[in-house]
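Alright, structures below, take your time with them.
Okay, so chain A shows up in both of these, paired with chain B first and chain C after.
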Partner chain A sequence: MPDIDLELRRITKRYGSFLAVDNLSLDIARGTFTCLLGPSGCGKTTTLRCIAGLEQIDSGDILIGGRSIADAPPWQRDIAMMFQDFALFPHMTVARQVGFGLEMLKQPRAEVARRVAAMLKTFEIDHLAGRKPATLSGGQRQRAALARALITEPRILLLDEPIGSLDFSLREMVMFELKAVQRRLGISFVWVTHDQTEAFSLGDLVVVMNRARIEQVGSPADILERPRSAFVAGFIQGNNVFRGTVTAAQDGMVRIATGVGEFLVPVLNGSTPPTGGAVSFSVRAERITDQPGAEHANRLSVRCGAVEFFGAVRRYFMHQADSQILKVDQFGAQAARLREGDQATIGWRAADGVLHHGDGGSP
Partner chain B sequence: MSTISRRSPASYLLAAPAALWMTGAVVVPTLLIAWVSLWGGRAFSPDSPLTIANYARFFGNQTYLKLILDTVQQSLLLMAISGVLGYAIAYFLVVMVKRPMVRLAIFFALVIPFWTSAIIRSIAWIPFLGVNGVINRTLMFLGLTSAPIDAFLYSRTGITMAQVSLYTLLMTGPVVYTLSNIPVQLREAATCLKAPPLAVFRRITLPLTLPGIVIGQVLIFLNVMSDFATVAAIGGNKLALLGNLVLNFYEAGNIRYASVVAVLLMVCMLAGVAIALKVVDVRRLGE
Partner chain C sequence: MRWTTRAALMKWTLGSVAVGFLIYQWLPMVTLGVLSFSGPDGGTTFPMNGVSLYWYAELWEPSLSADFKAPLLRSFLLALACSATTAVMAVAAAQAVRGEFRGNGVFFYLILLGIMAPGLLVGFGVAIVARLLGIALSWSTTTFLVHVTWTLPFGFLTMLAVFNRFDRRLEEAALTLGATRVIAFRRITLPIILPGVIGAALFGFSLSYDEFARSLFTTGADLTLPLTVLGQFDRQLTPSLYAVGTLTTLFSLTVILLFGGVMWLTRGRARRPA
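Let's turn to the complex of A and B:
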């Protein structure tokens, strides 16, 4: 059995009649960078606060390093936490701030001073030791908060949207700094975010949450390539989600009738859904071509609507009758073949469809 | 943030009405009092020669000197009792009460009694503190005492009890303000940095509420120093503090001595405020 840093065993948290975390289980192996991803109100921050001990769980158990800490107060848990706006103490200098955790652990003064100095040096903020938070820039605050959190050498660092309050230009740099720190120290990070770019570029493990439950746990590639549910597919940028009924099944494929046509979708794992059953599947926008060949079994006549640029990608919003039915991505470097109002036939290979096995809530 | 810079002509213009009012209502009368306190002779006349003899005679009297000490001591006592109580109420309201409606309800329950005048609230204590008062009857009913205790009315104890009820909220108000300006995350961050609750309070909450504490302490100090109504109502004629002395001299037609005591009272109060400003520059609050 691999070394487990954190185990959540069927934890539940209610606020009155509102279910914030519903029977949630999750294992995090030693030194994993985990991202809790989901829309606001999905319970990701509450989950993080339960791990920290800032919220008491109503049922279930939380184990850190194999030891149950569900009843331990936050100051006795082997964790540290970074808050969205860093929560630096306004009346303390950076050095005092960073040494706070060690002072609380009753470390001798000389030892605190030595380790604070080393920590400040590591994060290249030793020249700010005597400054108060109000005089620091966003990036400097972030480093001070990180140094403060890491000085007690916690097993797990919990981060609640830690770069959400930074300028956009700073975010990417800080993101990769944090990733490098995590790699170097080898401790587990649990990072809460609603930003999938953050989750996919940082996480070893991405946990997609919705309505107090986990929708899918997997590597970024898993979640991008094989969304388990219509929710995950719809939440992740660039997916076209279809709902329909199974009309036939053969050779590891199912034929699904949707409102806009019939499509072949492979059954990769799990059981083949019964004929007549309601299912959903998704196709990534970049897998759809406007010049379908023989291998593109699934075809569709559409009218081209708006065309927008997403980074290096040109995205077409395709319509049928009056409703937008899907999006198609092409690399912007290619010459545009379609304009708004053009009729087109588009298609995708049957193998590019992803059948959702996780709909209906059963794990 | 103000868009008018500190030393611009516009800022002086805007301050002018208040400055005029304060000059007429506070500065000039104060100077008059100080002037009268230096009058020599016996006539009630602006032609009186100026002398410090009034002060010399005041300071030559042991009873009066002790009265200054008593008044300061009473203020310090109230600062301690109402300080702790008021802080506890504020902490309870802001930190412990989670529901805004409950907080509002408790706040109103505390504040509404203060819609009546201070003198009436002082007098209202008499039926509670008297020999046949509510407190004694309750104590006897509960069997805690067999005979009524006469230490409540016409005593320092009674005055202190009434003043605590009158002035505790002066501490609560400023502390509620500074306490609610501390983001919850600061306490949570400290908690996650291995700080047990007492350490969080000592290292985070207390230092960050220091401005509110100082303002509250100053308000209590000033109010108790100048309180004559409670002392007169609860203390009867047996007890007096500096404020009552002013009134006694004034009623006896001795405006020179009344002025001397008033000036000394002001000096004590200013000294208190000066000490408070040394601890926290209240003027910079909110910057």
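Let's turn to the complex of A and C:
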């Protein structure tokens, strides 16, 4: 299938008794910007290293451009990789290491020189050609590493937390530069990160991983608005997760009894959970109001705790009766009614609850 | 006493100990060096009888009692061979341990056994085994092997320390850029660990060059330099021994400086922006 760049078919990787990647399958269409997102130790970097061939998978298959490369060594896969801290060769000049990939392809020297010069120009580092990595700034290293990885025009670029080592002020700029490069070249990027801001601003496809498995695959909007599991909802900023049991089901809604009350949650897709079954659902913090009206069917008594400010947003940390924290976001422009210590009744529309379908075995 | 005063006092105390140690280390060699320039009638202790190069000239005169030239050449060749062998094997062994194969802990201690085992007994054991197997003892075979068991652990530890600081991802980056493992080693790993390899080679050279205990029972008829020097002590003590000592010390220093120079040059090349 020429329109699929990468297929992971039920790949598994173990280190001794530790399961690092568990039966993971994923298809990546040509030219997709994919972000593997998850907490540290979830297997995202191991997955990337398996694609690169730096780790051998124990079972399953990996196809790049329709060709199985599970048994091919790293140097015979049509990939390039950008490492955290960039892994620039300390003893080579920028020009030399950018040309390294072409040298490995036994290109004639003049051809290497020509393409290196063009590449350095593209990334606006031609003035650094003769410099060693130790003398470069973080942003310059990042460009040198990118030029080095892209010069052989690989089908897929694998990036392992590629901006994690950059100064915070530089990250946003570099992020959008990388996105522009990916769009221009039309090659697939597989970007590993634990930072959801990166994943949601860059990814065409976001793959949320937890405990060696994929929790959810989808567009950023899918994952933000329709988390499939309590893990995804809890991992994504700004969600409130509730757990309970189904007490009734009617008209595309289920009634769920939790430790702090009963709530109505819509069943959007998937099957209606059985009455008495344990379920979880989530509500985004900005969908909750501290002045519930008739349309806000779900209500809850809370005590107002700390208040934080994120740019234009004001976030309240409310204490529920079971002492769990509930996050409520309001625009700063809206007048603040609540102070720390106040008792309040908050509410949300039944339609704003998201029932989780993919909880499976995860907590 | 304020803590800054105490710190200053401690600094001077430790500094004095260090200087005292350096004097203790170098004074005997300087004494030998000075005495080696005695006149032809000179004795082996102070006061000196004149100043001359007589005893150095004496070294080059063929004499039945003590000819240092052949042993010197043997020790030099032996040290060179140990140096090269140690460097290659130390890199290979450290690479293997870095790969964490099954039983690498045992392997580590087995190699280090070469440092801990008493040299005289190891040499004697080799001599016995060689005799049992009918292998003729020689400085270039049996002595060489025993020396390597002694020099290798030092080179091995050096290389382990070097690899400990080596960023493995540099090799991985080379692999993803199309380099095979052999090319990645040659183009990336080796240039970066080169100063360590030179250090291992240096250990191999200097430890073999003046090794006595492991040579004593293993050389057969043709002796190495340290054995010849000790033999001469038994016979007759003349300032020519001091001359040998001074020459070999200078020679070792030259070798070390040479290695150091190469190391400095390669480092300079790695650092200098072209």
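Methods note: the second predicted complex is superposed on the first by the 354 of 363 C-alpha atoms of A that agree within 3 Å, B and C clash if a C-alpha of one lies under 4 Å from a C-alpha of the other, contacts with A are read in each partner's own complex, and residues count from 1 in each chain.
Heads up, the rule we're going with is that contacts are C-beta pairs under 8 Å (C-beta built on N, C-alpha and C of every residue); 3 or more make two chains touch, one makes a residue touch a chain.
No experiment lies behind these values; they were computed from the predicted model shown.
Student: With the two complexes overlaid on their shared chain, look at chain A and say whether chain B and chain C clash or fit.
Tutor: Aligned through their shared chain, the two binders clash on chain A.
Student: Would you check which partner chain A:130 touches, where first means chain B only, second means chain C only, and both and neither mean what they say?
Tutor: Second partner only.
Student: Once the shared chain is lined up, is A:148 touching chain B (first), chain C (second), both, or neither of them?
Tutor: Touch status of A:148: both partners.
Student: Could you say whether A:83 touches chain B, chain C, both of them, or neither, answering first, second, both or neither?
Tutor: A:83 sits against chain B and chain C alike.
Student: After lining up the shared chain so the two structures overlap, which partner does A:93 touch, if you call chain B first and chain C second: first, second, both or neither?
Tutor: It touches chain C, and chain B stays clear.
Student: Counting only touches as set out at the top, which of chain B and chain C does A:105 meet: first, second, both, neither?
Tutor: Once the two structures are laid over each other on A, A:105 reaches both partners.
Student: Looking at A:349 after the superposition, I want to know if it touches chain B, chain C, both of them or none. Which is it: first, second, both, neither?
Tutor: Neither partner.
Student: In the superposed view, which residues of chain A touch chain B and also chain C?
Tutor: Chain A residues touching both partners: 52-54, 73-75, 79-81, 83, 85, 87-91, 100-101, 104-105, 148-149, 152, 158.
Student: What part of chain C is in contact with chain A in the complex they form?
Tutor: Within the complex, chain C touches chain A at residues 167, 169-170, 172-181, 183, 187-188, 191-192, 269-274.
Student: For a test of understanding, state which residues of chain B touch chain A in their complex under the given definition.
Tutor: Against chain A, the touching part of chain B is residues 183, 185-186, 188-196, 199, 203-204, 207-208.
Student: Taking the touch rule as given, give the residues of chain A at its contact with chain C in the complex, in rising order.
Tutor: Touching chain C: residues 52-54, 73-75, 77, 79-81, 83, 85, 87-91, 93, 100-101, 104-105, 130-132, 134-135, 148-149, 152, 158 of chain A.
Student: Inside the complex, what are the residues of chain A that reach chain B?
Tutor: 52-54, 73-75, 79-81, 83-85, 87-91, 100-101, 104-105, 148-149, 152, 158
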